[in-house]
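Before anything else, here's the structure in question.
Chain IDs A, B, C, D, E, F and G follow the sequence of writing; residue 1 opens each chain.
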Amino acid sequence: MSIRPLHDRVIIKRIEAERTTASGIVIPDSAGEKPDQGEVLAVGNGKILENGSVRPLDVKVGDRVLFGKYAGQTVKVNGEEVLVAREEDILGVIEK
Amino acid sequence: MSIRPLHDRVIIKRIEAERTTASGIVIPDSAGEKPDQGEVLAVGNGKILENGSVRPLDVKVGDRVLFGKYAGQTVKVNGEEVLVAREEDILGVIEK
Amino acid sequence: MSIRPLHDRVIIKRIEAERTTASGIVIPDSAGEKPDQGEVLAVGNGKILENGSVRPLDVKVGDRVLFGKYAGQTVKVNGEEVLVAREEDILGVIEK
Amino acid sequence: MSIRPLHDRVIIKRIEAERTTASGIVIPDSAGEKPDQGEVLAVGNGKILENGSVRPLDVKVGDRVLFGKYAGQTVKVNGEEVLVAREEDILGVIEK
Amino acid sequence: MSIRPLHDRVIIKRIEAERTTASGIVIPDSAGEKPDQGEVLAVGNGKILENGSVRPLDVKVGDRVLFGKYAGQTVKVNGEEVLVAREEDILGVIEK
Amino acid sequence: MSIRPLHDRVIIKRIEAERTTASGIVIPDSAGEKPDQGEVLAVGNGKILENGSVRPLDVKVGDRVLFGKYAGQTVKVNGEEVLVAREEDILGVIEK
Amino acid sequence: MSIRPLHDRVIIKRIEAERTTASGIVIPDSAGEKPDQGEVLAVGNGKILENGSVRPLDVKVGDRVLFGKYAGQTVKVNGEEVLVAREEDILGVIEK
């Protein structure tokens, strides 16, 4: 069982940031608009534009992404929490 | 007797989430912007775009969908409550 | 004497919901964004789009419609109250 | 001396509603977003659309119109109060 | 020394309303969204539309115009106060 | 060292208004949305429109401009404060 | 490891302003909407416009930029804080 997101939404599995790893991306602990990261599990078919066309998303399944902490909504699939967010809420893709 | 939704609206019958099933989608009990799920009973003819065209919806009758808890409006048809929401409020389609 | 609504507005005569009929549409009594229903008495010539075209409405005279409780404005014609609302405020058409 | 309204604005002379006439349009006395009525004295040359074209108005001089009570601004011309409103604020045209 | 307004802005010299003249336009004294009047001293080259074109204004130098009391910003040129407003804030042109 | 503004932004050096000069532009001392003036030091390459085109600005380097008092953001370049504002915030160009 | 920003976002490394250098850009110490500066580390592939096209950004890697103090979100990469902002939040490029 899985979720197929609509339009410009993506399904993200949050990944615990390696907060103590010097060479990794570390999320600050202070409160506020802090980003978070996760792996993309599924992507929608694209964003619907006002001219009627559909623009495919730039993120793909398997991407590790950064997103705003309060972006999207959390649901549980197979007992595991996932995030349903819009591509717009994704700040960037983490590359190695 | 049934409701034919207009434009980008859909009629959804809420489904009680199997909150104790480990392999199913489980909605968290905490308060807030929690998603919910249901079965699509009817869909509008499409979203009206600013260029005058009508874009058919991506959800179809029979789809099991996730949506924001406070999305849409609840009405009763034949003594049974249904939700009238916009496709925009639907987070994704649950696939098996 | 009658009212010819402009653009995407419609004139609706509210219909008392059969709140005690098990097989009919029953509006919940609790407060909030509850829908209501009525019969369409007149429709505007269409919604004006930004490209200058006019899109005819999808509801027609005689349709029984559901709408948001606080949609539109109430006026009296020939001693009878009617609702002037936008098609956008109509949730769906009740079919038998 | 008269006012030539710009674009999608119209000049309206308010008409006292025949509140006690059973067959006429009667405005409810309760407070709130109550409509009112009047006669159109002048209309603008049309609404400017984002594509640069100008769309002529649907109301014309002499029309008796319904509008939202708080629509527009009231000015005095030749000692007589008139309303300057947008066509958008007009709910409909009263026909006999 | 003068001000050349940009785009859809106009320079207006306020004219004291003949409040006691029965045949002139008289501005009510009560507080609120009351219109005012003035003479157009200069007009911008036109409103920039989203399609990249520029639409010339409908008011011209010398026009006597009505505008919302709180529209625009007041500056002093050559010791005389003028109003810099958008054409959108102008309710109409006073014709004789 | 200088700042090249992006898109529809301009760099402005504020000019003290000659508040006591009868023939100059004098800014009123009262609080509120008071305009101010300055000289344009640099202009962006143009405003990006939704159709993808770029519209060059109407103000140019050397123009003396009026702008809203709270428009833009103040930064210091070479020890001197300048204002970074959008062309939209400029009310007009002062001509002699 | 690095972040590839999406669409119109850029990755910026904040640079401490030389607040005591007379010839450098000095950020005022007072509170409010104060700009800040930094070096662009990465840029998105472009802003998605409503007509479906993608417009490449005007800032490039290596640019020294000014931005609003509260723009974007701060994350840590390799133990170093960077800012993820939209090009829209960038006031200008500092040139020497």
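Just so it is clear, a contact is a pair of C-beta atoms (placed from the backbone, for glycine too) under 8 Å apart; a residue touches a chain by one contact, two chains touch by 3 or more.
Predicted model only: the values in this text are computed from it and were never measured.
Peer 1: Can you give the shortest number of steps from chain A to chain G, where adjacent chains in the path must touch?
Peer 2: Minimal hop count between chain A and chain G: 1.
Peer 1: Since chain B and chain F are copies of the same chain sequence, what is the angle of the rotation superposing the Cα atoms of one on the other, rounded to the nearest 5°?
Peer 2: 155
Peer 1: Averaging only over C-alpha atoms, locate the centres of chain C and chain D and give their separation in whole Å.
Peer 2: Distance between chain centres, rounded to whole Å: 22 Å.
Peer 1: How many angstrom between the C-alpha centroids of chain C and chain A?
Peer 2: 40
Peer 1: Provide the list of chain G residues touching at least two other chains, using ranges where the numbers run on.
Peer 2: In chain G, 50-51 touch at least two other chains.
Peer 1: Which bits of chain C are touching chain D when the two form their complex?
Peer 2: 1-7, 9, 11, 42, 44-45, 48, 50-52, 73-79, 81, 84
Peer 1: In the complex formed with chain C, which residues of chain D make contact?
Peer 2: Touch list, chain D to chain C: 22-28, 33-35, 47, 49-51, 53, 55, 58-59, 66, 68, 87, 90-96.
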